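For reference, chains read A, B and C in written order, and residue numbers begin at 1 within each chain.
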């Protein structure tokens, strides 16, 4: 099929126009954000604390909070989630209970994030007495990420050809040797991609943290999980709700900072996948 | 040779003896936590509904949780959520579906790469950033066109949520289009039909099950979307059909009410759980219907 | 069903006794009794889906990895019921090696593939030496696989299958189960595998499932004909091929059953 006949018909032109509109919306969003954030484009913005005076405000504490939350979420959700995926795929017997757990987990991936916030408030902030802390935020985000980590890891593990397992078993490997030596290395790129997806989605969440009671105004950077909850997404929210124009620029700058953090996580995941592919030979 | 010769227990490494129990422990923790999430919602909702009659909860038209005589009629919130979800679908689905068709059947290699990257990036933007965009770009644009528009209005939220769900629609409907056997296209072209005709009359209908599922899943995401509606649509819990007025969705109620302050056990506190439960039911309903319609659609194509 | 052979044999190294296997509602094997004498090559022939693969996988307890499998009857290895409570399936698989229809190499180097089994069982000897020994046995030592660090998946299809055999030999098993090892290969590669099987006869007991009637005739001492999960006939290869006792065997051998 050659190119000219492909594009000439009406449907093609209409769909091309729609695609162009989507592209335009994307460019508009990017250009608008960057343009608005122009005035805060300096390194001090990333380190300074927020201030009532817009020209001296920065995202330092919020950035530190988001990094803490990202680490906690990864440390909690990834081992538990990937471990659960391995158990369900390689160890559990395929009975009704396993099927039920599987479909319940799939259903939980679609639960709105704000609902996890409400549950996190009852379970972690109040129930376990963590208060509105970084720790409570990390636990809540980990629970939010968990179903996605499990479901994507299971898909990656299931994609490993059954012959590979049989070959390893037939060579006298034990279950763990098969899983550790063959299944996990083969599934690793998919598991890393899924974990990265789950993690970046979660780090950008504002709603559940607002529900937990994220500090609206925090002038020092959190030093540990016990410090009050603050994060970039909730900072963006707080600044966006201020009507003064100067604060809008701050919100845009914080948005760019958040996107940079997400970019870094993606690049890290990419680097891990590269190294794995190198090591697989 | 004896049984002992084949018992081999001594050769079992430590990893093998620890792995099973450790992985089982992970599963128990994960499943336990998720059960606790659903459980706490259920328990608190149940407690709330013993104090506020379920009938009044779903039929009253006033949502005044902090008034002196609080009223808990969830309808205005539910209607607002429906309005936003449908509005977002009105904007997001046609553009998303047509982009998917373009990508699958018309785009050259370069256009495909660029567009796929752009949709992936759009999918990665946190919703609070979309909310910022809605309030500071979309709303001023709307008010420039219709000066009577309220500062917080449904239209801005619908447009922006539509943009937010667009990647979901593109990716899912594209994979539905991909699953149609290419032989159908060849058969259609061989019968002398133009490409556009084959796509519109044969391929899209054949993928309709998956496309419907994509629309339902995208709407479920719109229902659960919180930050855009909180920032752009305002907080008036009212029943209105005007897209130029403000409204308050289920999610916006939860996010806006700084519920960290509501003491445990109060009606206000219970209301958050009841509203969360409603959200959960709506989202699961949409997902389940999407899956059901998708499976029916597939059956129809197979026949 | 026939008695194995009129010749007096040593007690069988491997034996299925009234073995039945089903996967969920689907029956794969019914009441199969088949003793395999030490040092022999036994062929299992039969149409597709006649239960050849299931029977082979019953000999090293590989079927139990498939969900929903139910096995009844007995499989004895050196007289021991391999389903006995004290028996570790991992140990059974180390002593009863298996090669599959498709070469299923791991995406690793030639050496890592050969070393996989010995490493899994904690082999204490020199892996390098072992690799040379088994690669020489399958005639790969001087060829393309002489480069031990080469990725295994770059070898030709025939070489890959021979590497699979070498990988299994590295376990020093007593029995080799070969599941249609040549069905994915061209005639030249098939011929090399066949001469390899011929050579392996000296040191191993071989159970060979095959589609090729002539392959069975060329290679094996004993032949079993399976159809629909039942053992129709089992006897010395020569008499089974020249003078089948069951009319079903005859119609299969004459090609009336594909």
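Here, a residue touches a chain if its C-beta (ideal position, glycine included) is under 8 Å from a C-beta of that chain, and two chains touch if they have at least 3 such contacts.
Note that the coordinates shown come from a computational prediction; the quantities given were computed from them, not determined experimentally.
Compared with chain B, the chain whose C-alpha mean position is the greatest distance off is C. Among the chains, the centre nearest to the mean of all shown protein C-alpha atoms is found for A.
Of the two interfaces, A-B and A-C, the higher number of touching C-beta pairs belongs to A-B.
Centroid to centroid, with C-alpha atoms defining each point, chain B and chain C lie 53 Å apart. One inter-chain figure worth recording: chain A and chain B are separated by 16 Å, centre to centre, where each centre is the mean of the chain's CA atoms.
Between the CA-based centres of chain A and chain C the separation comes to 48 Å, rounded to the whole angstrom. With touch defined as above, residues shared between interfaces to two or more other chains in chain B number as follows: 12-13. Within chain A, the positions touching two or more other chains are listed as 174, 177.
In chain C, the residues touching two or more other chains are 90-91, 94, 121.
Residues of chain A that touch chain C in their complex: 93-94, 161, 163-174, 177, 181-182, 186, 280-281. Listing the residues of chain B that touch chain A in their complex gives 12-13, 15-16, 19-20, 22-27, 29-31, 33-34, 36-38, 40-41, 44, 94-96, 98-99, 101-103, 105-108, 111, 114-115, 118-119, 121-122, 124-129, 131-133, 135-137, 163, 166, 170, 194-197, 199-200, 217, 220, 223-227, 230-231, 251, 254-255, 258-261, 264, 272-273, 276, 279-280, 283-284, 287.
Within the complex, the chain A residues that touch chain B are 1, 3, 5-7, 9-12, 14-19, 21-23, 25-26, 28-29, 32-33, 36, 79-81, 83-84, 86-88, 91-92, 101, 104-105, 107-108, 110-119, 121-123, 125-127, 132, 143, 146-147, 150, 174-177, 179-180, 200, 203-207, 210-213, 233-234, 236-237, 240-241, 248, 251-252, 255, 258-259, 262, 266. Residue ranges of chain B in contact with chain C, taken from their complex: 1-9, 11-13. Chain C contributes residues 77-80, 82, 84, 86-88, 90-92, 94-95, 121-122 to its touches with chain B in the complex.
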